[in-house]
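Labels run A, B, C, D, E and F following the written order; every chain starts at residue 1.
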Amino acid sequence: MPKIVCFGEIMLRLNPKNYLRFVQANEFEASYAGGEANVAASLAGYGMDAFFVSKVPAHEIGQCAVNELRRFGVDTSEIRRGGDRLGIYFLEKGASQRASKVIYDRADSAIALANPGEFDWDSILNNADWFHFTGITPALGANACAITLDALRTARKKKVPVSCDLNYRKKLWSREEAGKTMASLMEYVQLCIANEEDAADVFGIRAEGTDVRKGELSRDGYVSVAKQLTDRFGFEKTAITLRGSVSASENFWSGLLYDRGEAFFGPDYRIQLVDRVGGGDAFGGGLIYAQLNNFDSQHGIDFAVAASALAQSISGDYNLMRVDEVEALVKGDGSGRVQR
Amino acid sequence: MPKIVCFGEIMLRLNPKNYLRFVQANEFEASYAGGEANVAASLAGYGMDAFFVSKVPAHEIGQCAVNELRRFGVDTSEIRRGGDRLGIYFLEKGASQRASKVIYDRADSAIALANPGEFDWDSILNNADWFHFTGITPALGANACAITLDALRTARKKKVPVSCDLNYRKKLWSREEAGKTMASLMEYVQLCIANEEDAADVFGIRAEGTDVRKGELSRDGYVSVAKQLTDRFGFEKTAITLRGSVSASENFWSGLLYDRGEAFFGPDYRIQLVDRVGGGDAFGGGLIYAQLNNFDSQHGIDFAVAASALAQSISGDYNLMRVDEVEALVKGDGSGRVQR
Amino acid sequence: MPKIVCFGEIMLRLNPKNYLRFVQANEFEASYAGGEANVAASLAGYGMDAFFVSKVPAHEIGQCAVNELRRFGVDTSEIRRGGDRLGIYFLEKGASQRASKVIYDRADSAIALANPGEFDWDSILNNADWFHFTGITPALGANACAITLDALRTARKKKVPVSCDLNYRKKLWSREEAGKTMASLMEYVQLCIANEEDAADVFGIRAEGTDVRKGELSRDGYVSVAKQLTDRFGFEKTAITLRGSVSASENFWSGLLYDRGEAFFGPDYRIQLVDRVGGGDAFGGGLIYAQLNNFDSQHGIDFAVAASALAQSISGDYNLMRVDEVEALVKGDGSGRVQR
Amino acid sequence: MPKIVCFGEIMLRLNPKNYLRFVQANEFEASYAGGEANVAASLAGYGMDAFFVSKVPAHEIGQCAVNELRRFGVDTSEIRRGGDRLGIYFLEKGASQRASKVIYDRADSAIALANPGEFDWDSILNNADWFHFTGITPALGANACAITLDALRTARKKKVPVSCDLNYRKKLWSREEAGKTMASLMEYVQLCIANEEDAADVFGIRAEGTDVRKGELSRDGYVSVAKQLTDRFGFEKTAITLRGSVSASENFWSGLLYDRGEAFFGPDYRIQLVDRVGGGDAFGGGLIYAQLNNFDSQHGIDFAVAASALAQSISGDYNLMRVDEVEALVKGDGSGRVQR
Amino acid sequence: MPKIVCFGEIMLRLNPKNYLRFVQANEFEASYAGGEANVAASLAGYGMDAFFVSKVPAHEIGQCAVNELRRFGVDTSEIRRGGDRLGIYFLEKGASQRASKVIYDRADSAIALANPGEFDWDSILNNADWFHFTGITPALGANACAITLDALRTARKKKVPVSCDLNYRKKLWSREEAGKTMASLMEYVQLCIANEEDAADVFGIRAEGTDVRKGELSRDGYVSVAKQLTDRFGFEKTAITLRGSVSASENFWSGLLYDRGEAFFGPDYRIQLVDRVGGGDAFGGGLIYAQLNNFDSQHGIDFAVAASALAQSISGDYNLMRVDEVEALVKGDGSGRVQR
Amino acid sequence: MPKIVCFGEIMLRLNPKNYLRFVQANEFEASYAGGEANVAASLAGYGMDAFFVSKVPAHEIGQCAVNELRRFGVDTSEIRRGGDRLGIYFLEKGASQRASKVIYDRADSAIALANPGEFDWDSILNNADWFHFTGITPALGANACAITLDALRTARKKKVPVSCDLNYRKKLWSREEAGKTMASLMEYVQLCIANEEDAADVFGIRAEGTDVRKGELSRDGYVSVAKQLTDRFGFEKTAITLRGSVSASENFWSGLLYDRGEAFFGPDYRIQLVDRVGGGDAFGGGLIYAQLNNFDSQHGIDFAVAASALAQSISGDYNLMRVDEVEALVKGDGSGRVQR
């Protein structure tokens, strides 16, 4: 089984039940998630040997995060314990024209304040087949950024392929900071994952003819974004998610993989949203699975798009689909008929 | 902050969870709502100084109604305590072709049996900027009707503008009774709010070419209804909601404001219904907010339609949207993308 | 009131709440259902004197199944007590492109292992106006099959009309076994109910031009299936459900009744699925109701299609609609407007 | 199976979950109960042929009451449909020193306003072995009282034994009204059931040396109450419940049966309260079961006390214990060890 | 109505349902509480004009805290909006020998980082009849401590009586820091509230013969603690809670009021714990109510002990008892009998 | 970290919420448990390297069992996948005098029908420090019994110490079968765990003067049982749980360890039961932990009794206490005071 190492933050996610607004909530559903943890969970669900590396407090809430990962098969043996708090994000699920909202409360989390010396990347990346991180981690602060850089240098040294999801978070840093820092990390990356907003926010790369608020999709524009990213940083492959937001209840969803000058588009799905958070991470998980299993580019993007479409029909950030279930949709059965 | 006074009944609303039928329910969600209370909650949520005036029993269930209003910022200091019971309405939410159902159990409620002497309108309306009532209140009985008339006369005396939502309830009175009584109250009203069924049921005013059960919308027909209402009663403005019922899960929603001979239509929304009860009240709340803030007619109807569309994506009767959230939809972002 | 006797298995149905996957569930909603029990519940809800005949364990879980039937008005006085276990089925509700899943755990249930001698069909069918079974019951094993045959012979002797829903379950028997056994039972049947997959699986009867996974509907193909079934077995009437699976959240739904050479199609509904399991049973219940009340063929199929469309907007297997509610949809009001 | 007929009101019971106060509740558990309905449910659970006779509205909430009774095996075929509302009672469960609270909202219920002509007691009591009512029913108003009297006269004519639980409700009538009316009905009663407060409130019969608020139990005092009741009205048997209220969480519980001059005391239980409402009704149900099965007086009171102790460990008004379970406690196993 | 001003922090409280451990929880009940907010809620429930003064973030979670206070009648008009986060505390309710656990995540909360200039105490304390704070607030940091001192000086200037609950939190500061800072604030305090651990931790004041882990109660020891506190700081009155911890499910509970050299003990209650957090705050609220209503010392301590005993039978931190309910227990009815 | 291997069945546990009876339940809480799995979970929670070895179906419900174990840190890498079903047990929690009930539905489970060849014990027990099984596993059938014997022989060969909890289940086999089979396995056992009923049921070993239904505890009797077991089978150590069942809500709980002729009694706890199922397994887990950490006999029995007392305050079968938490109770703090 291939070994994949994902590094980043895991947070307590708190969301009101169903479609309640925050101000109506007397209870929150609690789960534990984060961009890189979500990728690890995807890959563990596909039967891979997926490690999530982070730091969580030594108290019970930190333990809860570890337990949630273990439950879904992620290897947590490289998670450090210590620090004062687990980051939190509050999520209010939208419906119809009412948008979903996220409130972050993640400052000074255990991983944000961890020390580089706590992570022995030579050991952690021993025998690893893949390393994954996102643009959120270096945004957490100087420490987390330094640890990321250590990991990337070790990965290069050990020839471990690296993927990065740009994932710009404007609450964490400015576009300028993001652009500068992320640019310096891109040299270590072979597979770059982004959506068109990330590309614009972080690197100022834009596609003409697309207004995301209007849910417009311009295929050429997306190819242009992928090409610009690839050309600037020399990625082996670049993947872009395509979301057409009809409303908070219904989206169109697709993606493209730009591989050595050629753009491969996945299928277009009209999806009824159960929980869209984590959709991009499921896309990343699908892509990495495809690389590790040597799928051709068309199969790879088909798999990643199908996986991430399905992920958005599942409550919580994690994509809990098996490979056979994703492949069934890739093969065209999106009819939702009962499987008995 | 403008002071708005809403007068009417607040009821205990009991509905099975999710889409369960009454006969499946072993528990009910409990909230406290009513046409005028819902308007007050909308306006309090917009930061206005909104009073709800009514009478509730001195027992704990009456207190619960007060608490729910207070929670969402409504001033409850003019609610009287006494009488035997709080009115109740049971709601079963429909889905797809299955219609929602309402069962009323509101006879002999505290407010229906209250005495005019219990409400000192000179004091209550002191410094008020608006007074709102609906056709439900006079339908509760002779007492409630007399109190309404007292309020209206005081409002006129104090030059407090008045809005009325016709809101015909066939379980409370006949079309003949409604027509006669409501006609006598219209002289006090500056802003009339209705849907096309209310106009027909109460005043016999009809638009050709519209069959509500088929979800057909004829713009001209709605303008005709508004014009007839305005011409007969001399309202300053008349507003009509336009609901196209595709199913219990999906509606088209819009509205028009007829202002001195001109009809202003709001945007058309295709809405996925979370809880459609209270949609009309959110429309009324939006209109009153627009008047108090001197929005022009187009902005006013846009705001009211957007607010009421959003309200139907929220569980419960109350519209719990802030002004900035409504304005974001007015400005065109109905994509439901996550706000981080 | 007509007396209808339904014979088969009732199972404990366990499903995660809302749209949770099995692996996310920490609790299951529990109900008690089965193809024939669902038909009995439909008919009891229409005010008929509906009996469900089966065998359940003498313990509390068996009693729960009896109680659920009694709650919805089914006569349970002919249910036998004994045996070791109640069959169970686990249901995961799908959404969007993610299919619903059913896991059966029904081997060695009380009814599967019951003895023919336990059921005195002369007494049970005394004064009966209808007998209903499905292809699931004979598939449960030799005993259940023998009891079914006893029932059918007694029904013929007493001139009780018989309906059968083919309902092929590939986990219970092979196509060959099903075809052979079911063919031997068809001589007792007057009203045959099926979907196009059942007809193909059990009797190898196919319509050209239909791929259920693609949600395609070919009206002619369905008529061909009905005609072939009718011609081969000499049914008085044959009814076919038409499901167009757009996704796990949305289907198109209709049905046809083939009556002495003529095909009557019901209305086409686009349905938002709340719980699609039991839709076919509601269709059967509607058809039987129509027969017992001498509806003409068009009214009969309209009623059955409307009933089964509505059933899929209700949580659980049972169709909990009253006759007046079904007739309202038959008459064209599918707008879902609130009934006050 | 003996046939028992219970006549009275069934209400919607609404209680917050667990130990929440009314003002904390955002949802209510819903069940359907009443003094006489609870007795019928007890007896149905013991396998008797128990009828509950009443009138409920023709709407869905009325149907819910019927369904709840059917679920637990009560025969509902003599329940009339009509009237406007089902009575409601709100229950807040206490804990420790905090008392439970009941708020009634039962005025003008369907049964309170029913007409004597709606109940054909000759038919209803045909072949009946027992008739049961409580002091609540005549307190509902002149109509309900007249219907009760009709029933009692018919019972006498048909030689059906009658039990009455005094059950004084101060919110329904004064002590004077209760005393006068109930005295006039006692001549029809063979088995009288009461607690010491009822005896005092309705008939002014008191035992010295008992202060219920202090949880004191004086055995002689209780015998004195039973003897006075028996002597004044000529009952065959009189039964009294003995509750020692330590707190809202813990009670002592026993009872006595006064049978032709001799007092038989049941066992004393220290009970942890799960839901004490309906405890007295379970006592009555146990006594009637004992009479119908010719238990000797000691066994009868033991059974009734054990049944009603167990009933208070069960959520809801209904006693859902089987005969074998009650008998196990009668035989002394109150250890609560797991039954595997 | 007397006006009381309480100043401090309000936090989001998150606790697993029922008695689940943190590691079992998939959802948290959410409420909003804090030592001083709880006192304000108590007093609002008694009908007082209770203000809670604090600072909460301008986002929805901050609004939730405001709404919870408003719901229960607290005046929130002096709460400032701003800062980044609301403090959080996680609570796991214990049972039997398993202790309850609290995990704090409150660093850098809006109130902890507020500036003294944000609170105009001259205005806030205008016409105030009482000011209350606890030892938690100055422990939040230099800013919160400075604001507290401002408030105290203004209170002295305006002759507003002041109460302080020592409430030592070892996670916030050391015993040394607490002792030094609190000693400097005591000169402004007229009514001091403490338990014996606080007195020891903050001021090194100890009673011989008491080991709290063994649940031992030495009345003389408590009087000694009260006397030492009074003598050292010159309080007008000093009140001490007495908790005898039998287990996490059952406690003994009492309190004493030391008033000018005389010790008044309240009643001893054996309480079944529903939620013990906030018990001490309810004691403080009862004492303040007693002062404002000129209860004599015995009545005052009886009221405070009864109120706080009852508070621990209620879920959540807030004491939601009315004055009449507390007085009923003071008068001796702790039997928990149903109030109908 | 010591490696412990536990072998046995894991079942789906379904219980109604709170104290609902089966016949009231509309939903079940779902967890996954079994005597040996519970021991593994205890040990994993103490930080040990605990393996659970079994076989579960390859479907999602089987996966759920694996996930639950993983969540709590148990190594599931030696669980086989296959077979048709996961065993199920239904649990109704009792209260007060009402006993808890268990209904088993475990016939033909995957592990009961597994083949000895599926388990390579040489590999599984490689480097193992302990092996644990219970009397339930050989009772599942000839296959499971043969696999157990294989494991025991391998353990002896590898000098892995073995513990066995007798755990007699009368629904699985007769006393005669149990006695014969278990006697043949005892030669492999070093640590025997039992309660006094098991000893009597399986081996006919009785203590005079104890009637478990009366909750009587005779210390001498228990020592006699331990001595007889030890003498007959030559165990190194024998441990007995002592349960005094006051009611389903309250028990007395202790245990003894018989070690080379000397009896060590643990503390006596009066426990308020939250969930008593799994108490004995927590006792076993505590004992094994004590052996692996070389606790002296008194410390060992103290630890085991404290751990198992605490386990019964936790919902579900699993003991989710950490070592430090158990030791705190061992050291005498059972006061349940809040740990902040």
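In this text, contacts are C-beta pairs under 8 Å (C-beta built on N, C-alpha and C of every residue); 3 or more make two chains touch, one makes a residue touch a chain.
If you're wondering where the values come from, they're calculated on a predicted model, not measured in any experiment.
Trainee: Just to be sure I understand the contacts, which chains border both chain C and chain B?
Mentor: A, D
Trainee: Moving step by step between touching chains, how few steps can get you from chain A to chain D?
Mentor: 2
Trainee: Compare the contact pairs of B-C with each of C-D, B-E or A-B and report the one sharing over half of them by residue number.
Mentor: Checked against B-C: the matching pair is A-B.
Trainee: When the CA atoms of chain C are placed over those of chain D, what is the turn angle between 0 and 180 degrees, to the nearest 5?
Mentor: Superposing the C-alpha atoms of chain C on chain D needs a rotation of 180 degrees.
Trainee: What's the distance between the Cα centroids of chain A and chain E, rounded to whole Å?
Mentor: The mean C-alpha positions of chain A and chain E differ by 44 Å.
Trainee: Residues touching two or more other chains, restricted to chain C: which are they?
Mentor: 18, 21, 23, 26, 67, 72, 101 - these are the residues of chain C that touch more than one other chain.
Trainee: Which pairs of chains touch each other in this structure?
Mentor: Between chains, contact exists in these pairs: A-B, A-C, A-E, A-F, B-C, B-D, B-E, C-D, C-F, D-E, D-F, E-F.
Trainee: Note which residues of chain B are touching chain A in the complex, please.
Mentor: It is residues 18, 72, 269-274, 306, 309-310, 312-316, 320-321, 325, 328-329, 332-340 of chain B that touch chain A.
Trainee: For chain A, which residues count as touching chain E in their complex?
Mentor: Spelled out, the residues of chain A in touch with chain E are 14, 17, 21-23, 25-31, 59-61, 63-64, 67, 84-86, 88, 90, 92, 101, 103, 105, 107-108.
Trainee: If you look only at chain C, which of its residues touch chain A in the complex?
Mentor: Going by the criterion above, the answer is residues 18-21, 23-24, 94-102, 104, 169-171, 212-215, 245-250, 276-277.
Trainee: Please name which positions on chain D make contact with chain C in the complex.
Mentor: Checking each residue of chain D against chain C gives 67-68, 70-73.
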